[in-house]
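Pasting the structures here.
Below, subunit A partners subunit B and then partners subunit C, in two separate complexes.
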Partner chain A sequence: MGSYLLKRLAASLLTALLASILVFLLVRMVPGDVVAQMMGQAGGENAAAALREFFGLDQPIYMQYLAWITHVLQGDLGVSWTRGIPVATMVGQAFLVTLEIALLTLFIATVIGVPLGILAGIYENRPLDTAIQSFNIIGLSAPVFWVGLMLLVGVSATFSWSPPLRFVTPDRSLADNLAILALPIASLGLLQAAAYSQFVRQNVVSAMSQEYVRTAIAKGVPVRGIFFKHILRNVMIPIITFMGLILIQILGGTVIIESLFALPGLGRLLLAAIETRDYPVLQGALLVVVVAAMVVNLLVDLTYRLIDPRVRVS
Partner chain B sequence: MALNVSPAPAARLTTTGRLMRSARREPGLVLSLVLLLLLLLVALFPQLFTPVSPLDVAIDQAMLPPSPEHWFGTDDVGRDVFARVIHGTRVTLSICAGSLLISALVGGAVGLVSGYFGGWFDQVLGRIVDVLLSFPPIILGMIITGVLGPHVGNLILALSIVYMPVFFRIARAGALGEVGKTYVEAARSVGIRERTILRRHVTRNVMPLLLTQYIILFPMILQIQAALGFLGLGVQPPTPDWGAILEQGKDYILFAPWMSVFPGLAILVAALALMLLGRAVQKRMDQR
Partner chain C sequence: MRHLDRSRLRGLARALVGATMLGAMALTPALAQEVSLYGPAAENAVSGGRLNMGLLLEPPGLDPFHQAADARIRLTVLVYQGLFYEAANGTAAPLLAESYEVSEDGLVYTIKLRQGVTFHNGKTMTAEDVAYSYNYIRNPDNGSPGAGDFSMVENVEVVDANTVRFVLSARNSSLPMTLGNKYGGVVPAGTFDDETAKNRINSESVGTGPFKLVEFVPNSHVTLERHEGYWEAGMPYLDGIDFSILPNSASMLVALRNQRVDLVALSRPQDVQQVAGVPGLTVERWPSLAQTAIDLGSELKPLDDVRVRQAISLAVDKAEITRAAVGEYGTVLGTMTAGMQEAWGLPLDQVPMQGPDRDKAKALLAEAGYPDGFNLTLTTINGFDWMDPASVTLKEQLNEVGINLDIQRVDLGVWVNNFRSSQMGFTFNDWASQPDPNLLFYRHFHAKPDGADFRNWNNAEASALLDEGRAEPDPAVRKDIYNRYQMVMAESVPTIMLYSPDHVTVRSDKVQNFVQHPTGWYFGLARTFLAK
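Our next item is the complex of A and B:
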C-alpha cells in the first residue's frame, strides 16, 4: 500500500505540474493582455511598456512560468492584477463556496440516487423500474442551468419567494446561506441523482444475475439476507467509486449554476478573471480546480483499495 | 376458414415484420429514432415548420406570452421564439456534430497510431491526455472559449478538444488489443507493410468502438455547447442557438419564462433522443 501510494502521488504530482504548464500557456493565449485592458485606447507607449515590465510581461514566457511556479510551490499564488488582493485569499474564499455547494449536492444526489437505483435494480423491468429509469434519463438529458431556471420560476410562482441576491457565508447566518443555496443545490442534486441512480441500478442488476445470488435463492436464504449480504456488499464498491466521479461532475456543473444564481464560487471567479485578463487569478483558480479533481480521484482510488482486498493483490 | 397453424420461422420474417418485432422490444429506440428524424427534418428544412424569420425584430410585440400567432411567445425585442428555436436546431446540432467529428477523427487517428506503434510517442501522448482529462470538461471548454473569445470557430475548436482525449484513449486501447492478434501477425508474415495493416485492418476493427463512443458523447457535448452558449461564450446573438437563446432569456426569467422554457425543452428532447440511441447501441455492442 505504501509504495503504491508513493507511486500514485508521484504520478499525480507530475500530471499537476504538466497541467500547470498547460494552464499557464492557455491563459497566455488570451488576445490582448491586462495592460491593453487597463490603458484602453489612450495612453502612451512608454507607460504601457513600464506597466508590462511591472507585471513581468516583458520577460520570455518560460521565465514568466518559472517565476510563477517557483512561487506556487512555496504556497504563494501571487497578487491579483486588477484587485491587488492575494490570489490565495480570493481563490480560497471562492473554493469554500464551491466546496459547500459540491458537498451538499453530493449529499442530495446520494440520498436520492442510491435508493432509487437499488429499487430500480431489484424491480428490474417492472413498472417501478420503468418510472425510475424515465426519471433518470430525463434527468441526464436536462441542462442543469435550465432546470435551475425552471425551479426559480416554479418556486417564485408557487410560493412567491425568490432566493436572496446577496451571498451570505454559513458562519454569518446558516439559514440565509441555505436559503440562497437551496435552488442551485436542488437543480444540481436532482440531475446528479439521476446519474447516480442509473449507475447503481446497472450494478444491482448485474449483481442479481450472479451465480452466488442464484445459489442463495436456491438454498432458501431469505430475500433480506440476500440483499444485505450478497448484493449490497458487492454494489458498495462501485457506489463509492462513482461518488468521486459524481463529485468531479458536480465541480463542473457548479461553475454554470454559480453564474446563474450569482454565487461567488470558483466558476464566477474564473469567468471574471477571463474577462479582466487577470492572469494570476485565472492561473490560481484553474490550478485549484485541477488539483481538487486530482485529489478526489486519488481518494477514490485509495478507498477502493481499502475496501476491496482483491484490488490490493493485483 | 383456412387455418394457418405454422407461423413463419424467424429467418423468413419480412423486413417490416422484423422491424415491428424489435420496435416492440425496444420502445426507447423507436422513440429515439422518431425524435431524431424529426430533429433532422427541422434542422434541414426549418422553413417547412415556420415561415417567420428568427431575426425579425418587432419592438411593439416584445415579450408576448405564447399564443396562436406566437406558439412559444416572443422575446425581449419581439422576435418569435418558436422561429428562433426551430432555426436554432441546425446551428446547435451542426456545431455539436461537427466538433465531435473533428474530435473523433483527430483523437481516433492519433490514438490508433499511438497504440499500434507504441514507443516514446505513445508515452508522451499518454501524459498529455492525462493532463487534459484532469480538467472537468465544461471548465476546459469554458477556458478555451473564454480565452480565445466568443466566436463560432473558437467554440468548435474548444468543443473538439474537450472530448479528443476520450477518443484517443478508446482508439489506443482498441489498437493495443488488435496488435497481438493472429491476423496482424499473419499479415506481417506475408510482408504487408505496417501502415497498410493499421489502415486496412486494425482501423476497421476499432471503428465500431469509435462510432459507439461518438453516439454516447453526442448528448454530453450538446450539454456543454448549451452551457457555453448560456454563459455567453458560445454562438453570439442574433444567430439563433439554443444555449444563446437561453442566455438572452435568463434576465427575463420571472417576467417572460417562455423565452427560456422552450429552448431548454429543445435541448432536453434532443439530448434524450441521442441518449436513448446511445443506450440501444451500447446494448448491442455489449451483447457482441
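Our next item is the complex of A and C:
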C-alpha cells in the first residue's frame, strides 16, 4: 500500500508539472495580454512597454515560466495583476466556495440519485421505473442555466424572496450561507441526481442480469440477501467512480450557476482572469483545479482498494 | 422619465468658460460652486444609510493610474479626485483646484488649490502631492494609459504650499478637462515609490474623494464608506455604498424586485422593459457621451477610396440600426455624441453624407469602379450585445447597394490589438469620451505622430483643424473650428457615428437625488440619499 501510494504521488507530481507547463503556454496563446486590456483604446506604446516590463512580459516565455514555477515551488503563487491581491488568497477563497458547492451537490445527488437508480433498476420496466426514468430524462436534458433561472424566478414570484447577493462563509453564518446556496445547490443537485440515477439504474440492471444473480433468485435466496450480497457490492465501484466524476466536474467551476447566483467560486474567477488576461490568477486557479482533480482520482482509487479485494491484489 | 435641467447649467457654463479661457482671469469660488459638482445638492436630504447598487460589469481593477476600463472609472471617481470636475455640460469646474490663471501665451496655468482637503489616510493635501501625482501620470515610463493625454505638459511645479504651475509645450484649451477624473487623481507624494504600490492600489484607498474603498472582493462586491474628513461640508449623504457584482441581468432583475439592490444601470432594452411599470421601481433615462460607430480603416482596400467610404455612409440608415440595436433607448448621431450635441455638435441638418440615399451611394460606387459592389468583412466584438442585431441590419442595408458583408466576431483582446496597431479594417466600435471635443477627436483622428490615427485617415485638413481647435481659447471660435472639423469628417468618412445609447438606471423609490452623469461614471452617488 505504501509503495503504491508513493508511486501514485510521484506520477501525480509529474502530471502536475506537465500540466503547469501546458497551462502556462495555453494561457499565453489567447490573443491580447493584460496590458492591452488595461490600455484599451487609450495609451501610447511607451506606456504599454513600461507596463509589459513591470509584469515581466518583455522576458522570453521560458524565463517567465522559470520565474513562475520557482515561486510556485516555494509556495508563492504570486499577486494578481489586476486586483493586487495574492493569488493564493483569491484562489483559496474561491476554491472553498466551489468545494462547498461540490460537496453539497454531491450529497444531494447521492441521496436522491442512488436510491432512485437502485429502485428503477430493481423494478425495471415497471411503472416506478418509468416514473424515475422520466425524471432522469428531464434532468439530463434540461440545461442548468434554465433550471437555475426557473427556480430563481419561480421562488421570487411565489415567495417574493431571492437569495442574498453577498456570499457568507458557513463559519460566519450557516443560516445565511445555506440561504445563499439553497437554490444553486438545488439546481445542480437535481440535475446531477438525474444523471446519477440513470447511471446507477443501468448498473443495477446489468448486475441483475448476471447469471449468479439469476441463479440465486432461482435458488430462492431472499431478495434482501441478493440485493446486499450480489447487486450492491457490484454496483459500489461504479457508484464511487461517478461520485468522483461529479466532484471533478464541479470543482472545475460552474460558471453559469456562479454567475446566476452571484457566487464567488472558481468558475467566475477563471472567467474573469481569462477576460483580463490575469496570468498569475489563471495559472494558479488552473493548477489548483488540476491538483484537486488528481486528489479526487487518488481518493477514488484508494476507495476501490478498500471495498474490492480484487483491486487490492492487482 | 426625468431629464437633466441643463439649460440653467449651460448658461453658467458659458460664463465660466468665458471667464476661464480668455486669459489671466481668476475664478471666484462662488461662481465655481454654481456648477454643482457631482450633481445638484438636495434640499431635504437625509444623511445616513447604505446604498446597495448592482453592477453587471465587474471593474477589472480599481487602479486609476494604470487601468483604462470604463467599469473601473465608474467607481473610482468616487474615491479619487482630480483638479477639475467634468460638468455635464462640457465645462471643467474646479474640484481640488479653487481657481486658476492662464498666462497670456496660454502656456502656463497657475492653479490655486482648495485648502482643507485630506486624504483617506488623514494626511492633508499639499501642492507637493498634486505636482507628484500629475508628474507621475504624464511620464510614459510609469505605464499609464492616460499619459498620452498629458503629453503637452512639460512640467508640474510647486509654487507654494497651495499653488501649482502647469507648464505646457503648446496651447491646450482642454487642459482643465484633462485634469479631471478619468485617469489618475491626486494621491500622496511618493505613493508609487514602492514598486508593489502598482498592485496594491487596487485594494487600497489613497484618494481624497467623498468615499473611501474598504473592500474589493473579486466576483463578489466592492464596499465604499463615507470619507469622514471629506472637504465638502455635509457631504456625502450616504454612510456607504455596497456594490454587488452580479453578471447575469436576469438575476439582477430578480434582485431589484426583491429589494436586494436599490439601484442599477441597465444596458439592454429587453431588461429595461421587464422592470418598467413595477411598483416601487423608477426607470430613468439620461443623455450619454458614449457612441457606437462603424469605423473604416483606410488600410483595407477599397476603403482607401473616399468615394467608397461616402457610398457606405450614404447606404447606412442610422435610425434603423439604432432601433434594431437598442429600440427606443438611443439617440441617433450626426458627428457628435448626444451628450455634447448642443454644446459642440454640427447641427444635424447640416451634416453631409447622411443616408439613406441609395441611388447616390450606387452612383459613387460606380464612379469608384465598383458598379457591381464588392465583398467586405465587418468585425464585431464578442460580448457587445448591440453588435449582433446591428450587424444583421447593416448587412441588409449594404446589400441594397451591392456590398456583400461578411460578419466576423472576435474576442475583445484580438480587437484591441488590431485597433492599436491601426489594422482595424471595417469594424463596429463602442467608445466614450469626456465632454470636450478635443479629448473626443484629437487622439483618434489627428495624423501620426501627434495623434494615433487608428483609422489611417491621414487627413491634413482635419489635423490642422484639430490643432487649431486645441489651441483656441475663445469658446465661440473654438465651436466654429470644431464645426468645420466635423464637416470634413462627415465628408471624408473615417467613421460613421451611429447612436449614443442612453444611460438607463432603475432605482427603488427610497433612492433619492441620483443623477447619472453623461460619461456613465457614478459621480451622482456623491449626492444621493436614502429616504427614511
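As a working rule, the second predicted complex is superposed on the first by the 303 of 314 C-alpha atoms of A that agree within 3 Å, B and C clash if a C-alpha of one lies under 4 Å from a C-alpha of the other, contacts with A are read in each partner's own complex, and residues count from 1 in each chain.
As a convention for this text, a residue touches a chain if its C-beta (ideal position, glycine included) is under 8 Å from a C-beta of that chain, and two chains touch if they have at least 3 such contacts.
The structure displayed is predicted, hence computed values, not measured ones.
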Contacts of A:286 with subunit B and subunit C, given as first, second, both or neither: first
Touching partner for A:294 - first (subunit B), second (subunit C), both, neither: first
Subunit B versus subunit C as contact partner of A:81, first or second or both or neither: second
Touched partner set for A:59, first subunit B, second subunit C, both or neither: neither
Which superposed partner A:303 touches (first subunit B, second subunit C, both, neither): neither
Touched partner set for A:260, first subunit B, second subunit C, both or neither: both
A:202 touches, of subunit B and subunit C: first, second, both or neither? neither
Touched partner set for A:152, first subunit B, second subunit C, both or neither: both
Which of subunit B and subunit C A:27 touches, first, second, both or neither: first
Common interface positions of subunit A, toward subunit B and toward subunit C: 30-31, 149, 152-153, 156, 162, 259-260, 275
Subunit B contact footprint on subunit A (complex, rising order): 14-16, 18-19, 22, 26-27, 29-31, 137-138, 140-146, 149-150, 152-153, 156, 162, 248-249, 251-253, 255-256, 259-260, 267, 270-271, 274-275, 286, 289-290, 293-294
Parts of subunit B lying in touch with subunit A, wherever the complex brings them together: 127-128, 130-132, 134-139, 142-144, 146-149, 219, 223, 226-227, 230-231, 243, 246, 249-250, 253-254, 257, 260-261, 264, 267-269, 271-272, 275-276
Complex interface listing, subunit A residues touching subunit C: 30-33, 36-44, 46-48, 50-51, 54, 79-85, 90, 93-94, 149, 152-153, 156, 160-162, 164-167, 258-262, 264-265, 268-269, 272, 275-277
Interfacial residue positions of subunit C with respect to subunit A in the complex: 52, 54, 58, 60-61, 63, 66-69, 140-149, 151, 195-196, 198-204, 216-221, 242, 244-248, 250-251, 254-255, 257-258, 260-261, 411-414, 416-417, 419-420, 431, 443-444, 452, 454
